[in-house]
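Got some structures for you, see below.
First chain A sits with chain B, and in the next complex the same chain sits with chain C.
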Partner chain A sequence: MENLINLTIDGIDVQVERGKSILEAAKIANVRIPTLCHHDDLCVAGNCRVCVVEVIGRPRLEASCAVPAEDGMKVLTSTPKVRTARKDIVSLLVAEHNTQCTTCYRSTNCELQSLSAEYNIDNDDYISVLKPQKPIDKSSWSVEKDDSKCVRCQRCVRTCAELQHVNALTASGKGNHMKISTFLELPMNDVVCTNCGQCITHCPTGALTERRYYSDIWEAIGDPTKHVIINTAPSVRVGLGEMLGFPIGTRVTGKMVTALKKMGFDSVLDTDFTADLTIIEEGSEFLQRLEDALVHKKQVALPMLTSCSPGWVKFIEHMYPNHLDHLSTCKSPQQMFGALAKTYYAEKMGIKPENIVSVAGMPCAAKKFEANRPEMKSSGYQDVDCGLTTRELGHMIKQSGLDFTNLQESHFDSLMGESTGAAVIFGATGGVMEAALRTVYELITGRPVPFENLNIVPVRGLEGIKEASVKLENCLPKYSFLEGVEARFAVAHGLKNARIIMDQIAKGESPYHFIEVMACPGGCIGGGGQPIPTNNAIRRKRIEAIYAEDEGLAKRKSHDNEELKKLYQDFLKEPLGHKSHKLLHTKYRKRNRY
Partner chain B sequence: MAEKTLKKVDIIFAEYLVSPYKILEETIKRPKNEIIQEILDSGLRGRGGAGFPTGLKWKFGASAKAEPKYIVCNADEGEPGTFKDREILTKVPRKVFLGMGICAFVTGATKGILYLRAEYNYLIPSLNNELQIFHEKAKLLGLDFNITIFSGSGAYVCGEETALIESMEGKRGEPRNKPPFPVQSGYLGKPTIVNNVETFVSASMVCRIGAVEYKKLGTEDQSGSKLFSISGDTHKAGVYELELGMKVSEFVEEFGDGDTKAVQIGGVAGVCVPRKNFEATIIGQGSSSGGSTMVFNSTRSMYNVLHNYLEFFQEESCGQCTPCRVGCQQLLKGIEAIKAGTKPAEYLNQLMKLTETMKLTAKCGLGQSVGNSFNSIVTNFREEMIY
Partner chain C sequence: MADIQVLVKELVNKYGTKREALIPILQGVVASERYLSSEAMIEIAKELDISAAEVYGTATFYSFLETVPRGKYVIRICRTIVCEMNGKKDVLKILEEILKIKVGETTMDKKFSLLETNCIGWCHQGPAMLINDEVYSQLTSDKVREIIQDYIRNK
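Entry: the complex of A and B
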């Protein structure tokens, strides 16, 4: 095989494909080489030099992440020379670092801390060159940036550029002044940042974290005049376990509900309820657009784009401000929940809306920003008082002293706690599309969507852009205008892929009718608020858990949700009706490119 | 009495005995591999500082497959104490373009870029005039090669060829991981041959006089003549063309002020030679060949000299790799602490060990070479660092 080469790593024979790095070869040989700037999601940087190894015959050490393995190469990963160099490099990083680990949010989940422990870094070796403290940038609702914790690995810069095509973060200055900054060094809330939080999940230290609000929630829980409710998104139940010692991809739905109840939330509800609602509203909107285009010959923006991902919404507002009419006007499930919590829920439960504190447990950093968008006050109050990440929820559960592992499982409360499998799969890329199709196809034809066991496999998985199409035949009379139409759908995740979709639309070349876009790679299960680390192997396990949760539910179509039917009956009356428009739909704004 | 090793010559700046265009015309009649062999045989090494064999670089460039290929002339002359390239571009730019033209011919490159340090922008009008003539002549000779000028932005690290390429692509001036080397994948991912200004002149010289004649200059190890930028405590600072391989003692005799304490050879990235080693050290042998030579007399504090170098390095590191970014700051803070008495004298040993790590692990030549001047100064002038 011409494409395979042989080398030895610490005396172990390894065969790898030509072009693989020494680091990749070492993984195959089961030799662990420490890394810091390396991340499976990102291009090779070779910045930190922690992964240096000795290659026989070469005068200097080589960064194993950046140097290709070669035929006949002899690599040594643990010689005195290598160990001394690595220890020196980690010491240098520590000398540049704000080492107040005891007060750091990332303590015990910090890659520099682990390396420092591994190499027994002695603070006396080098003199601190930590720059005079600049205040932590807390300007953003979602992302906090603390330069004193930065190791300049540029993982955030690469994430923002490669995965997201946003480029809000960049390296600036050189030498001792080199740092990670923004356009014109503006605060985070004044730049193109979409708040997706991918920089947070890719940061090895506490330099980038989500802005945390859980102290406010503890306070509200302790206030007897407040009725504190929480709704949790589908991805939280498959991610939270990682914070609490469970293997990746463990579903902890029932234990999570019990924990939240024990912690003092007055009602523990399910964002999935409004995910089902989103499907009804968004599906209806889609059908309305098709009817307007085909029957009433109106100028309608198609394809329609989903709007549940607030990072994606801010991205399109910045990057494609002239194409906002393609976005569904539906609010995200979080915001629909908030608007109903202080109207429908308040009314039904007989609680004054001003006494309700509505909390959302989300896999997301951008949800914090979304909750604070000025237009999100359709209930007359701030619809969602606070968005917490999966990580914050994990911390709260730890703080509560509960023995999470041994908790009994329990069900979400009612009102607004019922959900279907269609809502659960919102958490994975392709899930919204699949859920929408399960409902929309049935609305049009009166038959279930023609995929085995309702599983629309073409829209699942981690491929960047996925496509599906369905031929609409034997439509119900109301939808006869769709007879024979081949409806085409696409799913994109990661803003890099969103840009491809949007460029097609901008050129007028988009072949689709309906497109789901999620800001984060993998969808919400890989969200910026999920446990750290995240990579494709982890994303896959969380996705498997999501679909397993769906398969296990009796009801798997949004329109089968009984509580939802009651909501329409008692309160909303009809999809896209007057109340829906007031509470469940929103507007977007043009933002600039810088 | 032994033969003097310091020999002044006058080839690089010499009047054009033969028109460079005539040389270009004659050279491109020869088979390409013969020209490459000539350069290889001459033993010519890059004159920018790293000293890579020029013929080898051209050979790799010629065998690279992708199109188009680029020839870049590195005129980002940033090494402190170096000012020879400016002199070449002022006096004999035609010889530079001749060298680039020959390189383009043998490698099949069609595009040339002169990466000019921003401080030399005042040369652009005269260089453009010269380029106009070059392009006319090249066209007459049927050589499809066009040279443009790119103005740098002032970072020292952009003298490193991959950082220079990044900067031309509009990115931060940060060195790349190697491999791939620029001859495989350089500017815009295409094969790119980057040579120093003087290297192109020397290569054209080899083509004019032949490898045999060229090798008569200099030593076995380092052939040819080379420009030296001489500054510091000397009464005749300036640019001199000298044969390679001369004793520091003779150099000091010629250029020193009678009170020379140390000579810094090869710029701040090079080594500092103390008086006790003047007789034993040969300039142009083993050491960096960039050509910056700074003379210090006994009024100079070597602590201040080193402090000055380290301030330079900590600012001019690109900042991407740990050993260089933090290492340079550590070395500076370290010698300050020893001087101030907050660290013991033995801490110097720790710092010297650090320079070894920097040499072994830094991403590019900048961080790798900081230890050269640091170790030579600290070893030879240790008491000045402490008291």
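Entry: the complex of A and C
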């Protein structure tokens, strides 16, 4: 085993693969070394020096995240020299930090604050060298940037570059003048930012946060003339618990519904209802495109791309403006919900749409931007008044003084509260594709999709791009034009992988018919509005919870949703019909790449 | 094609479109335009297929890659310790007096900009300064006056 090396860390023997860092070796030895600029999702930066250790025989302290472990190395992680150095390093970071922790949104969930507490930093050692404060950049609907809280670890820059291939953020200047910038220091709203919010979930402090709107919602709840409704996305129910004392991956659906009702929402509804609706509309659109291509020999854009993820939609608008016709015209479940809330729901419940405040509880930062897109007013009002993140909902529940742990469970209200397992799995990468296949295959052949227990395993999991194919045989007469066709599907998550998919399409080399793309790694469960931190271990647990929720539901195909059938019967009439076209479908716009 | 597009295209033809071509291209633009306009940076980003923010980040890292318009002659006076100890302060005072601008500013006629620089390697003959690529060392108040008057009259 030439590839394995042996070293000791604090006297503990440990064997690791050659090339692993001292920090990784320490993890295996169960020795905790504090870090700040390091993140499991990102490349090594080695710029904060918090993780310094002593290596016997070397004159200087080494940054354990950046130095490879070597055979025979003896590492000490907690000597007086190390502790003094770490305390000095953290003190210097604190000295240039805006330490108004009591008024910071990230207070109690801040890595600098934790380190400062751990090393008992006091301001007597180093005087504050905080630079004169610039106004907080609140230009974006989704992301707020406060440089006074930045520790310049560049996790956001690496996230934007490595995970998302967007590069809206950069480090400008050098030395003492280095700062996290956009092109020409332009406001966040004026650059190529997709609003995905991954920079927020990777920021160790409160320098990057979502723009918060929950005070407006408290106000609306307190206003007796307003009928305030909320719909919550699938990923919220598997993430919210993390903010309220539950282990990662706990499903808190029932408690969440009870909490929202007790907080005063007039109706607590399920985004899953419109996720099921998305499947019906998007599935029908996909079949229409295939028919147009194969039967009518029309020029249609294939593969078709999903459009549920507003970060992804803005990405393609910026980066591939000449390929927007590949995007499904379907709005996201959030926006379908909003459009129906102020039409169908208002009508059925006998409430004036102008008195409805429609709130969406989302794992997402980009949903805030999406709600405010000028296209999203098809009910005659702003369809979704406000998008809140999982984190904001967590804060609201804490503010309401509820004993969340001991709450009874309850069900979503009706109308628009019923969901199937197919809608729940929208939260995990591959879920939209799996849900679509469960319905589309059955529409074409009249038989359930040929995967054991409806679980389309090839599209699940954290691999960047996943593929599946289904051979269409014994089709129903209406779909005889698909007989013998091998339908090919792909799933991409994280905009880095979306770019690979799009480059194939741009070259005319894409082998697929239908592709699901989610902006965030892992899909919505890893969204920019989810509890912090997020890494692959956490993503896996949230994904497990999503599939467990699916398996636990009696109905697992979108077309089995009874409330949805009634929606078509009473209101929409047919998929892709006149009303659907007006309320549920949208157009996209070309945006500048620079 | 706008002039800047032609210039960037020429530089790309010379240095290629790989990432390592970025700095020579940036230098080439500065050599001919004296600074990197936003149009220039966008044009470079397009040619190299990278983001405009990345070009901006790189440009702002290097002191000699200007991202704001400067005068025809950029005076950079050394601010490091040896020059400081040899009377840089007096030299700077005279420069500000003659040019009627402070460090970081450009004269109304766009002829001179006054900046500070880190060590330029003339410690043995400090205080020293650069005017564009020309080095002037062992500066005194009188010498500086002469040099600047010469630029004002003859260049």
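FYI, the second predicted complex is superposed on the first by the 594 of 594 C-alpha atoms of A that agree within 3 Å, B and C clash if a C-alpha of one lies under 4 Å from a C-alpha of the other, contacts with A are read in each partner's own complex, and residues count from 1 in each chain.
Criterion: contacts are C-beta pairs under 8 Å (C-beta built on N, C-alpha and C of every residue); 3 or more make two chains touch, one makes a residue touch a chain.
Computed from a prediction, not measured in an experiment: that's the story for all the values here.
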If we overlay the two complexes on their shared chain A, which of chain B and chain C does A:D88 touch? Say first, second, both or neither.
first
Quick check for you: in the superposed arrangement, does A:L61 touch first (chain B), second (chain C), both or neither?
first
May I ask you to decide whether A:N167 touches chain B, chain C, both, or neither, giving the answer as first, second, both or neither?
second
Counting only touches as set out at the top, which of chain B and chain C does A:F183 meet: first, second, both, neither?
second
On chain A, which partner's contacts cover more residues, chain B's or chain C's?
B
Name the contact category of A:I279: first (chain B only), second (chain C only), both, or neither.
neither
Please report the chain A residues shared by its interface with chain B and its interface with chain C.
171, 173-174
Chain B touches which residues of chain A in the complex?
44-50, 52, 60-61, 63, 66-68, 81, 84-85, 88-89, 92-93, 95-96, 125-127, 129, 152, 154, 171, 173-178
Please output the residues of chain C touching chain A within their complex, sorted ascending.
38, 41-42, 45-46, 50-57, 60-61, 67
Per the touch rule above, chain A residues touching chain C in the complex are 166-174, 181-184, 191-192, 594
Hey, which residues of chain B end up touching chain A in the complex?
155, 157, 172-174, 177, 179, 313-323, 325-330, 333-334, 337, 343, 350, 353-354, 357, 359-363, 368
